[in-house]
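The structure's right below; bear with me while I get my questions together.
For clarity, chains are labelled A, B, C, D and E in written order, and residue numbers in each chain start from 1.
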Amino acid sequence: MIGQDYWWVLLIKAVVVVLGLTTIAAYLTYAERKVAARIQLRLGPNRVGPFGLLQPAADAVKLLFKENAAPANRDRLLYLVGPSLAGGAAVLAFAVIPMGINNWFNYQFHWDIAHFNVGLLFILGVTSLGVYSLFLGGWSANSKYSLLGGLRSSAQLISYEMAVSFALIGTIILAGSLDLEQIVGAQQQTWFIVLQPLAFVLYFSGAFAETNRAPFDLPEAETELVAGYHTEYGSMRFGLYFLGEYVNMVIVSSIATTLFLGGWLPLFPFHPFDWIPGPLWFLGKVVVLLFFMMWVRWTFPRLRYDRLMNFGWKVLLPLGLLNILITGTVVALRA
Amino acid sequence: MTALIAVVMALAAISAIGVVLSPQTIYSALSLVVTVTMISVLFLLLNAQFLFAVQLIIYAGAVMVLFVFIIALLNPEAEDRPALDYRAMIGLAAVAAVTILVFVTARNGITYGSGGFRGQQVGAASNPYHTFAFGADAVNAAGNVQTVAGQLFTTYLLPFEITSLLLLVAAIGAVYLTRRTKEAA
Amino acid sequence: MISTGAFPYLLGLSAFLFTIGAAGVLIRRNPIVVLMCIELMLNAGNIALIAYGRFLNSVEGQIFAFMVIVVAAAEVVVGLALVTAIFRLGRELDVDDLSEMSE
Amino acid sequence: MNVPWLTLVIVIPVGAALLLQVVPRNLTAAVKGVTLLATAAVAVIVGVLVAMLPHTVGSDQPLTFHYEETHAWIPGIGASYHLGLDGLSAWLLALNAGVFLLGALAVSRRSTERLRFYCTLLLLTEAATAGVLLAADLLLFYLFWEGMLVPLYFLLSNYGGEKRGPATLKFILYTVAGSLLMLLSIIWLYVNSGARSFDLETLITSSGPAQAVIVIPGIHVPTFTPQELVFIGFALAFAIKLPLVPFHTWLPDLYEACPPAALVFFAGIVSKLGAYGFIRFGLTLFPEPVNHFKWFLAGVAVLSIIYGALMALSERDIKRIVAYASISHLGFVALGIFSLTQNGVNGSIIQMINHGIIISALFLIVGFIEARTGTRDRRQIAGLERRMPWLYAFFLVATLAALGMPGMNGFVGEFTIMLGAFQLNWVYAVLAGGGVVLACWYMLRLHQGLMHGPPAALVERVRDIRMGEGLLLAPLAALMIFLGVYPRPVGDLARPAVTQYVARATGTPVLPAVYS
Amino acid sequence: MLAQAVPIVPLVTPSAKDLLGLLPELILGGGFVVLMLLDLVVPARRRAWLAAFAFLFIAASFGACMWGWFDSGSGRALYFGSIAYDKYAMFINAVLLISAALVVIISPQYLNRRGLHYGEYYALILAATTGMMLLAGAMSLMVIFLAIELLSVSLYILSGFSRHEERSQEAALKYLLLGGFASGFLLFGMALVYGETGHTQLQQIEAALRVSTNVDPLLLAGVILIFIGLAFKASLVPFHTWTPDVYQGAPTSVTTFMSVATKVAAFAVMVRVFTYTFPAVYAHWQAIVFLVAIASMLVGNIAALTQTSVKRMLAYSGIAQAGYILIGVAVSPSEPLGTIGVLYYLAAYAVTNIGAFAVITVMAGRGEDLDSYAGLRGLAYRRPYVAAAMGLFLLSLGGFPPTAGFFGKFFVFAAAIKSGQTSLALWGIATSAVSVFYYLRVALLMYQRPAADQPEYQWSRSTFGGSAVLLATTAGTLVLGILVTLVYSAAAAAQGALLPVAAG
């Protein structure tokens, strides 16, 4: 079931989430530059607004007003479809991420758009569509660099999706449900990062690859592919891809939070920690993970492509299977 | 909700036409992506959540990507035959006829009457295997993933095992057929 | 959710997809597209299975559909492997031309 | 007497054929030796069996089988391995053994090239024809009947004249079509008999009365009853094999293309099997249809007699002349059968034996002539009398026998048949008599043309037949004369069986055996 | 909202006894996996070992079949009605296993000559046979569908096994596309039947159809679509178009296997589904089966007349043979002789056709197939025994006694007449007469002297394996043609114990 909300509540939730995600994504670009600057002993953006906080807005204006330069023999329709889809799948997946439950005046309010009894499956299903955006971007431009980038990214995404899904199954076994709220609820005592450390590492490694971030950012490797699948994109169309990447980051962090870091649950299940509302806990954990991703990006070298694929198939996947095997055995023995 | 269903079904149908009539292979493939996605939504609406996920992950996320991949790699040229020639016209007429016929047959209440589906009534009378042991809404109450999974590994274990063999065969075959050997020219 | 009244429409859609897939197999020549049309037919079968299963309160439909998806995946993998192999041998892809042997 | 003699008759040739496969191909003497030995052994066994066959009517059984062997074969459908010998088949079996022995003797030593294959096929054919004559189970009968075609096909298509390809195909297609219809009829009989058995004796006793298909109640519409249709299925198969006139077209072509040595047994026995089938199965299983159709069938037989004779008159190729003569003679056989009288059927059996002997001799002679002169055109040959006195003598005997000269065996058969035909209707007998007159004409003309007058150019250098060849013809000629003077052995042996058959066909009760 | 996750349906796990009943299939499926692993360790020069291993597995599975045949516990459905453990399945399994064994024996020589000797071959043969055996026992629409796919996918790959030959690859692709097309029909038909009866298990479908009074058009559509799907696999007219091209393009040893085993499995399931599950609607599907049978006999035989390639001729002849076998299905379901006839015909067809194809396989030269009629000319002069065997197979295909083919035809014709459908038998007989023409034409060719200008064809020497197979098939053809009751009584026993009807 998708939920029992009134349709207008749903609408409001949806609008808020979409706007919120775009804003967060925009500010993540700012954060990334700041973090990069700190790591490289620089200042980062600091001209537009206080501490450069308006920089994302300025970027947005710039991208919007730039002239559209597009390859002449592109596939006109798909050239437009590609960027439009970017981030779409990710936003859709966010619809079922629970950020808390409140009971207001006998109205049970779920901090998500849709409460869905097989939320995890929904996420896995929807995120598997993300590949098309990259692929279409790479293919439609009719340029070999973008094509190679597109193909690489698709291959990479598919390979890692397997590993990532396997990593998640351990948590499902522990929680005994696919309902994300129930999975969070099962972490009341112990977060799954404690019970499933290997799975968390596997998932998050895979998540880097899924979001095309360093050290797995082969599809858009500047030095080899001149930025990969979006080489031939400019102005706001490029902006959409850019935005999509950061939305993706938010999503993978949210999933990791929900499945491994106890979602909206406080760090410790007692006062004063549980005075802080659940959604804030959730956001906090997501922010920590996002920072971690940026940190990694600016401190790790990039893998070679074949190593990347090997890593996915020959390390992550077997380990994921092993994790399932161990978890399943333990759960079966204890039951 | 009815509007949603109608839109989803219409999109599925239109994109299916696109699969057949697109002059370019890649458009066919992308139309098929839309079709399978819409079908997955239908599955969701039909309370088959597990199938929804499987449809998206396997079909949209893997099978269709493979298609798109191969098309991009091989880059087959557009067909020289016009997509909408007389054969296509005949085909589409047949499609329309069959669809309407099936619709009318199903609509006329032969398949189901006031007492529910005929298969259900007849089945209930003749069933030693508890397939209908779930009450009318047992499937709907909790996620039916559990029900499906439970049945999959007990009653339908044999078919399930056959699929594993099938996948193994397909994998071996694909590797064999695409493997480059020294004697390859 | 979906009421019984929608059933004829679902079955109609299923029949539509099935026949259009079948028509596609017959009128298209590119093997990749033909393969896609076959997928369309299998999907149509799945819709029918799940729609029936939903209104019969039976899980058999879903389980069957699941198996079908697996089968379809296996078939596509082999089919595309063959397409690649033929392409590598340097042939144009055209079903009507796949008749080197018929004299 | 627990030795399965009848099985041995079938098995010995098959075993010899298998044995031949391991004999080295170039050892022609060994190949010939094995073949001869096998055919001779069969001939001896058959001879003893026929000599010892009791001349009695079975008391409690519808048919009079001796030396019976019955084993379950396909018990699930009631098919059995049932062999038996009676007065009807005994002489034909003897003829069979004889012509194959002749065939084995007549194999030319010079054509060593594929002798082994030839001998294999000859032996297999012998086994199949013997099986046809011995089988008392319909399915088993069909097995041999159809199986016979296989070696014959290879024989005809591999060793023959230039036109053998189309001729063989024509023959095979004709006969296969006919026998497949017979198969259908056999199955129908089986299904509708109620006894669920293929055994001839069971089927005879259990076949129900024919039910007429009533198209419009109260009005007689000439339609066929199911049983009549089934009979037609059988009759077509037999008529093609015999052959009766509209189905005869394969015969002259095939005889023309057939190698002479093979013709000895092909013409000698294979075409008799159609007539044998008519008597054995047609008369017993379908008494009513046979009675119903006898006017028509006898008419066809008369047509065969006259047509064959007229065609023989118009031909120049001596082989074809003999072939048409054969059709004419077989018409007599058919006429005898369909007269449905004791005399007629008895005459048919005698005539079958006689014709087997005569036609074998004629084809041997034709073969010798062709081998020596290199032609078969009767107008190019003349005056052989002087060059080949021995051949002349044998040919004279055969000619006289063929045209039905009293004192020769041909006369006995034809005369008895005419008696039967007369009992049926005098018109048939008169017309058949016309056939005899024509036979005199064409046979004497042929004989005169070939033998008398000044020698033609082609005849200048021919030599007379050798000793071995003469020894082939001598027993045949002796038999022609012997059976012409003393035909009783054949008639006596056949009479008990014929009594039964005719009684069944005409619906008259079997009379107590009157042995005179 | 946090509903507790509790199992809704009581879960019953299959018992271990079920596993035992599935032993033949398990051995073969296990053999498939083991062979794949062995392929990794066996050196390339010793790949014949793999054939030996495959043969061992087949033999073991055959042993299990024999055990199952005499097991008194058989005659029931395993895995909750998914698969039958009855004599019928064991009969078909035995035929399939013998075919597979014969193919495995002739393969090493052929594959070596063609440079195709890879370990996957044997593994895939085992996988395909497993699929066919599962199909023979299938008692649920799901298992039928999956088993068909298992065997088809294996055969698609095997058809394209000659990787560097366009003909083989194209044959495989064509086979796959049309096979997939057929699967679509099959699936849609199954969906409709499932929806209208509420079941996928054949026993329950049969019971449901018996109970129900009115017949829904959608149900009939489903039945007919299932028939179409199966007819594709059995290559019946008008769903036969793939057959000649695929038979010709695929490596001959694969064609040998495919031409026989697929047909055996397809007809096995067709009998179980149509004769024993859908008898209640016999009146509705009879006409279509009837017409398809006649069309197959006509088209197959007439098209075979004009062929000049042996493989194509045998392909069309196979179509015609399928038409004859279908007679056994088209007769009334209450006529047991129909099923017995199908079983007998299948056994006869298996030995004969494997023999005929084995001759082509054994005689194949290096790198090319013995394909044209001209290539066979004069075979009897150089290889008299092989030619004699081939002649025997052709006669058997033509239905001459005393060979296996005669009794195959005899039983189905008898069934047709017995159930009052004489016209079917008449069509069969008319087309049989036509078929004699082209079978004997080839037979004659072998015994003709090689023409003076004929390019000398490189016939290979038959190896031990090839000779063994030819000897076995020759013996089988004769045994089935003379000692009929051996197989007939087995077929009758198999028919008598056939699920789902035997149980209810």
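Convention: contacts are C-beta pairs under 8 Å (C-beta built on N, C-alpha and C of every residue); 3 or more make two chains touch, one makes a residue touch a chain.
Nothing here was measured: the structure is a model prediction, and the numbers come from that model.
Colleague: Can you list every chain in contact with both chain A and chain E?
Modeller: Intersection of chain A and chain E contact lists gives B.
Colleague: What pair of chains has the most C-beta pairs in contact?
Modeller: The chain pair sharing the largest number of C-beta contacts is B-C.
Colleague: Closest chain to the protein CA centroid?
Modeller: Central by C-alpha mean position: chain E.
Colleague: How many Å are there between the centre of chain B and the centre of chain E, using C-alpha atoms for each centre?
Modeller: Using C-alpha averages as centres, the distance is 29 Å.
Colleague: Centroid from C-alpha atoms only, then distance chain B to chain D, rounded to Å. What do you get?
Modeller: Here chain B and chain D have centroids separated by 70 Å.
Colleague: So, what's the distance in Å between the C-alpha centres of chain C and chain B?
Modeller: Between these chains, centre-to-centre, one finds 7 Å.
Colleague: Suppose each chain is reduced to the average of its Cα coordinates; what separation in Å results between chain A and chain C?
Modeller: Here the centre of chain C sits 33 Å away from the centre of chain A.
Colleague: If a residue has to touch 2 or more other chains to count, which residues of chain D qualify?
Modeller: Chain D, residues with two or more chain partners: not present.
Colleague: Could you say which residues in chain B touch two or more other chains, in rising order?
Modeller: 50, 55, 62, 73, 102, 106, 111, 117, 119-120, 123, 131-132, 134, 138-139, 142, 147, 151, 156, 159, 163, 166, 169-170, 173, 177
Colleague: At least two other chains touched by the same residue of chain E: list those residues.
Modeller: Within chain E, residues 3, 5, 142, 146, 149, 153, 156-157, 160, 163-164, 194-195, 198-199, 218 contact more than one other chain.
Colleague: Could you pull out which chain E residues touch chain B in their complex?
Modeller: Listed in rising order, the residues of chain E that touch chain B are 3, 5-14, 22, 29, 32-33, 36, 78-83, 115, 118, 120, 123-124, 127, 130-131, 134, 140, 142-143, 146-147, 149-150, 153-154, 156-157, 160-161, 163-164, 194-199, 201, 204, 207-208, 210-212, 214, 216-218, 221.
Colleague: Any idea which chain B residues touch chain A in the complex?
Modeller: 26, 30, 33, 37, 40, 49-50, 52-53, 55-57, 60-62, 65, 68-69, 72-73, 142-143, 145
Colleague: Applying the document's contact rule, which stretches of chain E touch chain D when the two form their complex?
Modeller: Touch residues, chain E against chain D: 337, 340, 380, 384-385, 391, 395, 400-402, 406, 410, 413-414, 417-418, 422, 425-426, 429-430, 432-433, 436-437, 440, 443-444, 447-448, 484-485, 488-489, 492.
Colleague: Given the complex with chain B, which residues does chain A contribute to the contact?
Modeller: Spelled out, the residues of chain A in touch with chain B are 75, 78, 81, 117-118, 121-122, 124-126, 128-129, 131-132, 135-136, 139, 147, 150-151, 154-155, 158, 161, 165, 177-179.
Colleague: Provide the residue numbers of chain E that touch chain C in the complex, in ascending order.
Modeller: Interface residues on chain E, with respect to chain C: 141-142, 145-146, 149, 153, 156-157, 160, 163-164, 166-167, 169-174, 176-177, 180-181, 183-185, 187-188, 190-192, 194-195, 198-200, 218, 244-245, 248-249, 308.
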